[in-house]
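Dropping the structures in below, format is C-alpha cells.
The two complexes that follow have chain A in common; it is paired with chain B in the first and with chain C in the second.
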Partner chain A sequence: MRAMAASSARFLPAAFGLFCLLCGVAIVEGMLRAGLLNRFIVPLPTEVIDSFGRLFGDEQLLARFLTTVQETFYAMAILAVIGIPVGTLLYQVPVLRKATETWISALASAPIVLMYPLFLVIFGRSPATIIVMGVIAGLPPLILKTIEGLSGTRQSLINVGRSFRLTRVQMLTKIMLPAALPTIFVGLRLALIFALINIVGVEFLINFGGLGQLINDLAERYDMPGMYATIVFVILVSVLFFFVTERLERWLRRMS
Partner chain B sequence: MNQTPQSTAPMAGQLPHVLSADNVTKKFDTAEGPLVAVDNISFDVRPGEFLSVIGPSGCGKSTLFNIIGGLTPDHDGTITVDGEVVRGPHPSIGMVFQEESTFPWRTVIDNVCFPLEIANVPKAERLDKARHFINLVGLSGFENRHPSELSGGMRQRVAIARTLVSQPKILLMDEPFAALDEQTRLLLGDKVLQIQQELKQTTLLITHNITEAVQLSDRILVMTYRPGKLKRIVDIDLPRPRTSDVVSSPAFGAYVAKIWGDLREEASRGMAESERAR
Partner chain C sequence: MASTDVVKGMARARRSGISVMQVRIVLLVVLLAGWEIMARSGLLYRDVVPPLETIGWALIKLLSSQAFYWNLAVTVAEVLAALAIGGSIGFMTGVLLGGSRFFGRALEPYIYYLGPTPKIIFFPIMIMWFGVGPGSKIAMGAVSCFFPIALSAAAGMRQIEAVLIRVGRSFRASQWQMAMKIYLPAMRPAVMNGIRLGLGIAIIGTLLAETKLSNRGIGYLIMQAYSVFDMPRMYALLITLFAFAIGANAIVGRFGGPAKRQ
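This part shows the complex of A and B:
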C-alpha cells in the first residue's frame, strides 16, 4: 500500500508532464488540420513521427548520432584534462584567479558559438573545429565550478591534513580534490550540456558531421517533417544526457 | 588540593616536560574590536600525563588547542614540544577535532588508514592496524560504511581511531566525546584511558564535561571566561587503574563539586555577558 503510494508519487509528475505534451501535440495537429496553422511551415506531428523510420533508414540517424556523441566524448575528455587543472591552478594562485575570474564568468554567459569562423579558418571543415568549439563552450563553467569546489573545502578537513603534515600536493590530491569532486562534477555536467549545444550548433553552421549537419541538409531539401523529427531527436538526446549525468551526480553526492 | 603530592613523578632520564605553554596569548580582531580569546596561559605537561582543560563554552579552549597543534601561527608566547619550539604541526602531536572531520568520500577503514597511507605503511599492515583501532572504538562491522551512513557519535569515534592509529606521542583531543550519549562516553573514556596507560601516551583532553575530566585526568586546568585565563590547576588524586566505576566513589563526588564551584561562577558570568550583548 505504502509502496504503491510512493511509486505513484514518483511517477505522477512524469505522467502529468507526458500528458501535457501529448495534449500540446494533439492541439497543434488539430489546428493544422483545421487550417489555423500553415502546413507549409509546420508539418503535421503525425508526419514528424512517421518520418523517424525514414530517418533511421535513409538518413542514417543512428550513425549521425554516434558521430555527435563521439565528438562530444572527445570534447569532454579534453575538457576534463584542461579544465580541472586550470581551475586548480587558478585556485592555487590568487593573483591569477583575481585577474581572470571575471573574464571567465563573462565568457560562461557569452554566445561562444559565434567564434566558429576563427576555428573554421584554422582547422577547416573538420571534426577538430567542432570539438574545439565544444571544449571552448564547456571550459568556463568547468573552471568556475572547480574553483568553487576547492574553495568550499571544509576548514576542519584541511586542519586534519595539516595536523598530519601533508605536503601541498598531498593536501590537494588527498583532501581538496576529493572534497571538491561533487562540485566539479556539477561543472562537468554543465560543460557537457554547453559542449553538446555548441557541437550540434557548429555542425549545423559548417554543415559537417553529425546531427547538426543532418538538420541543415533536411532544411535545405525542405524536408520539414524530417527536420523537425531530427530536432526532436536532438532534444531527446539532451534529455537522456541530462538524466544519466543527474543520476551519476546523485550517486556521487551519496558517497560524500 | 593544589598541594597534594604528585601521582605521576617524571621518569628518570626523560625530560621533565613533553609539552609546555609559556605566556600563550591569542587576540582576534572582531567587528566589536579586539577579543582576547586566550590570555597569558602557561602550563607544563609531564610525560605520560593525562591533562584536561575545562571551561565554559567560548572561553578559548579550541583556540588553545589549535595553538598547541601548530595550526594558529600568529599568537604570542611559545609552545614547546620535547624542548623544541612549535612553529607548525609537530610530528609528535596527534589531534582529534571538535568539528566533524571524517572524510566523507572514504569508508570507515579508509578513513582510519589515512595517516598510515601518508606515512607509506605497507597495505597489509595498514589494514591490520586500522582494524585494531576500529575494534577498539567499538565500530567493528562498520569498516566498509561511509561516514554518511553513521551517526554523529560514530563518526567522532572514526576520527578518534584515525588519530590513535598514528600512535602520536602526544594526543590532543577537543571535546571528542561531545556527540556521544553518557553511557558510550563513559565506555569510550575507559578505552581511551586504557590505551593511554598502555602506550604511556601523553594526553590533553579539552572538555566541558566535569565528570569526564575527573574520571580520566591526572590534572585539570580550569579556564575562565573572557578573557580566557587559567583559573586553577586541580590535581586529581584518585587511584589508577581507573574505570568508569570510579564515578560512584565519594572522593570523585568531592572533586566534581569543587570544579563545579569554580565553573559555575565562570559559566554564569559567560551567560550573563552573552545576554547583555544581545
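This part shows the complex of A and C:
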C-alpha cells in the first residue's frame, strides 16, 4: 500500500506535467481551427507532426542531423586535445593559474558567439567557422573543470603515489588524471552543451551546415509546419543529449 | 588541496620575486606583441589581423561617432526591455514552481531541460509573431533570459528557511508584508544570480538576432562592418561589446551580494 502511494507520488507530478503539455498543444490546435489564432503564423500542431515524414524524406533531416553531430564531434576532439592539457598545465604552474583563472571565468560568461562574423571573414562560410565557434565556446568550462578536478585529488591518493616514488609524469597519469576523471567529464559535458548550442546557432546564422541551416532554409521558403517540426526536433535532440550526458555523469560519479 | 597548492605556488613565486600581477602584465605584453608581430609579418592578411595602432584609431573613431551611441542606445533599450519581460515572467514562474512541490516536480523538468537548447533557432518564429523590428529582438532576449531566471527563482524560493516564514507568521504579517519582508529578501541572492546569468544571455540573444536581421543596434553595426570588410571597426565594436557585457555583469553582480544588516 505504502509502495503504491510512493509510486503514485512519484509519477503523478510527471503525468500532470505531460497532461499540461498535451492540453497546451490541444488548446493551440483548437484555437487555430476556430480561427482565433492566425494559421499563417502558427501552423496546426497536427500539420507539424505530419511534416516529420516529409522532413526525413525530402529534406534529409537525418543527414543534416549527422552533419551537426560530425561538427560537434570534431569540435569536441579539438576541445579535449586543447582544454585538458591547458587545464593540467595551469594546475601545475599555480602562479600562471592564479593569473589567468579569472580571465578564463570572464571568457566563459562573455558573449563569445558574437565573434562569429570575425571567423566568417577568416574561414569563410565553411565548417571551419562552425567548428571554431564550438571550440571557443566549450574551452573555458573544460579548462576550469580540469583544474578543479586535479585540485580535488584526495591527499591519501597523492601520498600513495609518493610512497611508490612516482615521477611527476607518473603521478599525473596514474593518480591525478584518473582521480579527476569525473570532474573532467563534467567539464566535457558542459563543453559539449556550449559547443552544441553555438554550432546549431552559427549554422542558423551563417546558413550553412546541418540542422541550423535547415531551419533557416525552411523559414526562407515559408514552410511553417516544416520549420516548427525542425525546431521541435532540435529541442528533442538537445534534451536527449543533455539527459543522457547527465545520467552518464551521475553513473561516473557513483563509480569513482 | 587546491588552495594549499595555490598558496604554495604564490609563496614560491614570491620567493622568486614574481607576483601574479607581474605574470598578468607579462602575458598581456606577450599577447599584444604577438598580435603586432603577426600583423606586421605579412604571414596573415593585414586586413584580417590589423596592427594594434589601426584598431586603436578605429576604437577612437567609433567612440567619437554619434551613430555608435544611437545604436548602442537601441541595443541597451532592447536588452532592458527583454530583461524586464523575460525576467518578470521567469520570476513569477519560478515563484510558482518553487512554492509548490507538486508544480515544481511536474513542470520544472521542462524548463530545466529546455534551458540549454540553442534559443536563436526560435528567431524565425519571433519574426513571424513580432515582426522584423525591435519586437522580435526583444522577444529573443526575453526567451533567452526566461530560463535561468525561472530556475534561480524556483531554487531561491525553496531555499527560504522555514524558521523565517514561522517568524513572519508569528508576527501575524499580512501576505504583502510576508512577500516584502520575508520572501523577497531571502530570495535576493538566488534571484540576483539568475538575473546576472539572464542578463548575459539576454545580451547574446538580442545581439545575435540583430546580426541576423536588423537595421539598427550594435549587432547591425557588426554585420555592416563585416559586409564592407572593415576589420578594424569590427574589432573595435567587439571590444566595446565585451566591455559593455562585462560592465553590465559587474553592475548586476554588485547588487547580488548578501543583504546588509540594518
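Note that the second predicted complex is superposed on the first by the 237 of 256 C-alpha atoms of A that agree within 3 Å, B and C clash if a C-alpha of one lies under 4 Å from a C-alpha of the other, contacts with A are read in each partner's own complex, and residues count from 1 in each chain.
Simple rule for what comes next: a residue touches a chain if its C-beta (ideal position, glycine included) is under 8 Å from a C-beta of that chain, and two chains touch if they have at least 3 such contacts.
On a predicted model such as this, the values are computed, not experimentally measured, just so you know.
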{"item": "Touched partner set for A:33, first chain B, second chain C, both or neither", "value": "neither"}
{"item": "Which of chain B and chain C A:162 touches, first, second, both or neither", "value": "first"}
{"item": "Touched partner set for A:238, first chain B, second chain C, both or neither", "value": "second"}
{"item": "Partner chain(s) touched by A:170 [first = chain B, second = chain C, both, neither]", "value": "first"}
{"item": "Chain B versus chain C as contact partner of A:178, first or second or both or neither", "value": "first"}
{"item": "First (chain B), second (chain C), both or neither touched by A:196", "value": "second"}
{"item": "More chain A residues in contact - chain B or chain C", "value": "C"}
{"item": "Contact residues of chain A, present in both the chain B and the chain C interface", "value": "155"}
{"item": "Interfacial residue positions of chain C with respect to chain A in the complex", "value": "1-2, 5-6, 8-10, 12-13, 18, 20, 23-24, 27, 48, 102-107, 109-110, 113-114, 116-118, 120-125, 127-129, 200, 203-204, 207-208, 211-212, 219, 222-223, 225-226, 229, 231, 234-235, 238, 241-242, 245-246, 249"}
{"item": "Chain A to chain B touching residues, read off their complex", "value": "154-157, 159-160, 162-166, 170, 174-175, 178-179, 181, 254-256"}
{"item": "Complex contact set, residues of chain B against chain A", "value": "66, 69-71, 88-89, 91, 93-95, 97, 99-101, 103-106, 114-115, 117-118, 146, 148, 166"}
{"item": "For the chain A and chain C complex, residues of the former touching the latter", "value": "12-14, 16-17, 20-21, 41-42, 91, 93-100, 106, 109-111, 113-118, 120-122, 148, 151-153, 155, 193, 196-198, 200-201, 204-205, 212, 215-216, 219, 224, 227-228, 231, 234-235, 238-239, 242-243"}
